[in-house]
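Some structures to go through are shown next.
Below are two complexes that have chain A in common, paired first with chain B and then with chain C.
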Partner chain A sequence: MQTSKKIVILGHFGVGKTSLIRRFVEDSFSDNYKVSIGVHITKKVVEIAAGDSMSLILWDLEGTDDLETIRNSYLLGTHGVIFVFDVTRPSTFQNINTDLKIVTEKLPNIPLLVIGNKTDLVVIKELEELLNKNQISTDFLTSAKTGDAVNDVFLKLVNQLNGAT
Partner chain B sequence: MELLNKYKKSYTNNDIQFVFVNDSRVILESDQAFLKLTIGDFIYNTHPFFECLHALENTPEEETTFNCVHLNIHDKEYTTDIKIIKKIDGILLVLHNLTQHYLTYQSIAQSRNESIINGELIILKNSELEERERFKNSFIQNFSHELRNPLTNIISITNIIANTELTGEQKNMINFLRESNANLKLMLEDILSISMIASGKLQLRNKEFNIYELFNLLRFTYGAKAKEKGLEFTLTSDIKIPEYVEGDYLRIYQILTNLLDNAFKYTQDGSINFNIELNQKRANKVSLRFKISDTGIGIPQEKLATVFNSFTQLKTAEQQNGNGLGLAIVKGLLQQMESDIKVHSKLNRGSTFYFDIVLKYPLHPTIKPDIKEKKYKHKEEGKFKVLLVEDDIHLQTTLFKILINTEVFFVDLINDGAKVIEELVNNSYDIILMDINLPNLSGDKITHAIREFPFKNIKKIPIIGLTANAYEDDIKAYLKAGMNAVVPKPFDHDVLLKTMFKYLK
Partner chain C sequence: MNEKDKLEILKDILFTDDREYAEKIAKRIAILEQTINEQKKLTTKVSPIVENQLKEFTKSIPTSLGPTITATLKEEIKKNKDEIVDALFPILGKMIKKYIAQEIKLLSEKINNQLSTKGWKRKFKSWFGGIKEEELILSELSSASIEQVLLIEKNSGILTASYSKTDTMDQEMISGMLTAIKTFVEDAFNQKNQNLELIEYELYQIHLQSFINYYIAVIISGNYTLTSKNKVQDLIFNFYDQFMDIKKSKTLNKDVIEKELAQNFNNADI
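Presenting the complex of A and B:
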């Protein structure tokens, strides 16, 4: 049996949304930054049990620092959401609580994972201190570049979605 | 309209495609305007975007538009606006190919985002550098302060030992020790100076002084040094230079001695000439040019740009001592005086360093000639009673010895800030020597309390602060709290005694 789930990836621009998806789907990475506009949609099928799989429809949205402006049509029928910020740029997480509030207002009652990406560029211990100091809690700290924790993000979401069905 | 229809078709048709799917999402019809779809196929198989049709089932809207959707179909990417319209017999899809339009939009977004991110990263980088610089400077400052107390002890105890009866060999060793102490103290001061300059904490203290006396002092000191080293030293100055000027005597002295020491260090034979010219004398300001030339090893052309950097040292001088901060300090101090140091140099021929500074000069100097202190002033009867408030055991001993050796002091010691007032009420003191960092109550707070005291004999006792926080701001704060003077650690015992006698009657 195959179920299909729509996952939306949100966050400010340049935080690595496209790169995380590329790492997850194709297991590749590029240092070049190509700004995404609108939405790119890709699909990846994951096994959840013998004979059962889940087809993830990944909606990679144009980055924005004003989440209010996200087109509502993009969010229709979303099952899970991943909010990504860039651990090297405070501007992408300093208003995270306001950002997340907007996200949960627009997408209530669905699994939401908060991801700090680009951990390969910082010292993890210092990062954790910084996040603690700013009272920011994350589900995963990832690096699309090294692949660190990237699969875990999607696995966790798959598990949450699987439990929900 | 036939003509128009024919042409209109060729311009619009290719960009707008109509597709009709039934309720099972099977493609029934497609005009194939720009996408070749397989009739009879599931539309989901065309592109995962179309899976959203499923979600739309439950929405009340008849029509939903998705802007800027990227569709990769048959290895080609289209950027489209897609309108999905519910009909009774199925779903009508209107796909608008806007690839060209969105390409322009993308390139605008690209440069906007890139420049915002770059801007952010530059700011971050700068603040990181500043933070590192700040950390470095405060580390150096704290560390140098920490070193002052033990160094003061070493210097003072060396002086005390030097004044006891010694064998010839011991005397040599003590001289060596004194020289090392002096070097260490100098280095410590240099490091402190450079980090204070770098962190902007150094403030100039402009005061009236006799510049001719400064010239005489330098002529004397460096004349002797030259004789010792077999060099020639001349100091010439324009006689039209006013005798009294206003400036930071200590810093000017520091600049000149740094430059002269440097000249001596790098010159093995020949001469060193120090020349002070008058550039201008106008209203109440003089501009002076200080020029120090040597016939030393010179500086290679490629090094000229970096000699004023911190921790830079010429290669040939590696065997010689010195930490290479001298010129950086000179440059920093001169910058504070709104001046700049310049250098000309020829390898193996020598170097000339010069700079101009503008100093005020009072038309009616207010300085009175120095009243020389007698060796040790005596109290009319008995000894001066000193209250020493200090918690560092080594400093206690050192200070105690310095004071007792003069034979004119009687010393009481307290190491707890909170007990000072009680002690003052029960005894009468001629002067208080007070450390600042004390347990329970800090020196400046005690001072403040004493100055507020209702009894005149206590309220007026001279208080001399002892501190390793030799910053302008700190010292000002201590004076403001009511201290009569502040002697920085490590202190020279002559300076300490001289300061004390100034306030003793």
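Presenting the complex of A and C:
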């Protein structure tokens, strides 16, 4: 049996939302950065158990520095959300608590994962210290470029959604 | 009678003719003066002459000016070839492109009609039915046909069930994008309770029918007339009625819904 779930990926401009999806869906990466405009939709079917699968419909929303401006209609019927920030750009996570508050207000009672992306560009130990210092907790630290921890993000979300079904 | 009187009498006798002649000339000069000074009178006299001259001139243009004009044009074209090509290219390019596209379309249609079983069927129909083959082709080409039907969850854009004549791109992704487009347009016009109802894409039209929790997208090819639209709406409402019954009676089973979709929309005459 196959179920379908709508997953929304949110975050500031250029944090690597599209790259994360591309790594997960196509297992590829490109350094050629193109700004996402509006919304781009892709899909990946994940095997849950023998004969059971989950079809993830991934809504890659265009990046915005002000999450209040996100079109609410794009968020309707969302089953899970992934919030992405760029570990090399403090401007994308320095107000993360405010950003997450907006997200949970817009999308209450659904699984939410917080991801710090582009770990290939920093020293992990220094990054962890910086995040601890700023009291920022993440679910995963990923690199869309190397593929590090990318699948884990989506698999955790699938498990959470499967448990909620 | 003195000498002076005699001389006058003699003058009268000798110059009578000259005096009459002089008076006539004076009268003619007065008429001419009047004609020249009065525009209306001058016009009646001069216009026919000018008109004749113009007619003559017009007749003689090809012989008198023609060679000069032709030579000048040739010279200008020779000097400014690039400018002329630039000016004509968009016009001629479009014409040629349109012509070639049209010809290729006709050729492709001819080949298809010659080769397909549909073509043979049409020929038989034409022979036995007494209807011209061209008329049958025209009626086939113009009729609308349902290519695909998608039952989509209104908010999430998740595909609940589908019916399709042919294989297309991933239907779940189509459903998501249709929902994104639909919500974007509806948001953009900021009109509550108004829905996007039709998307036209070259030879295809996507009829969208919204309900409370779902919407149905019917992809149609061919000439989608108002009559066809009415028929499609009837089909949608019939199906949705059955779908609501299925929903009430048991948990949503995709196979059951798709069976209903196929029964309602397969080979539907619109």
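Basically, the second predicted complex is superposed on the first by the 165 of 165 C-alpha atoms of A that agree within 3 Å, B and C clash if a C-alpha of one lies under 4 Å from a C-alpha of the other, contacts with A are read in each partner's own complex, and residues count from 1 in each chain.
The rule is short, and it goes like this: a contact is a pair of C-beta atoms (placed from the backbone, for glycine too) under 8 Å apart; a residue touches a chain by one contact, two chains touch by 3 or more.
Just so you know, these numbers come straight off a predicted model, no measurement behind them.
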Clash or fit, chain B versus chain C on superposed chain A: clash
First, second, both or neither for A:57, with chain B first and chain C second: both
First, second, both or neither for A:108, with chain B first and chain C second: neither
More chain A residues in contact [chain B versus chain C]: B
Touched partner set for A:6, first chain B, second chain C, both or neither: both
Which of chain B and chain C A:43 touches, first, second, both or neither: both
First (chain B), second (chain C), both or neither touched by A:33: first
Touching partner for A:71 - first (chain B), second (chain C), both, neither: both
Chain B clash site on chain C (candidates 3-11, 75-83, 111-119 or 147-155): 147-155
Interface residues of chain A shared between complexes with chain B and chain C: 4, 6, 38-39, 41-43, 57, 71, 73-74, 76-77
Residues on chain A engaged by chain C in the complex (per definition of touch): 4-6, 38-39, 41-43, 55, 57, 59, 71, 73-74, 76-79
Touching residues on chain B, where the partner in the complex is chain A: 47-49, 51-52, 54-56, 59, 64-70, 79, 102, 105-106, 109-110, 113-114, 116-117, 120-121, 124
Complex contact set, residues of chain C against chain A: 153-159, 170, 172-173, 176-177, 180, 183-184, 186-187
Chain B-touching residues of chain A, taken from the complex the two chains share: 4, 6, 13-14, 33-35, 37-43, 57, 62-63, 71, 73-74, 76-77, 88-91
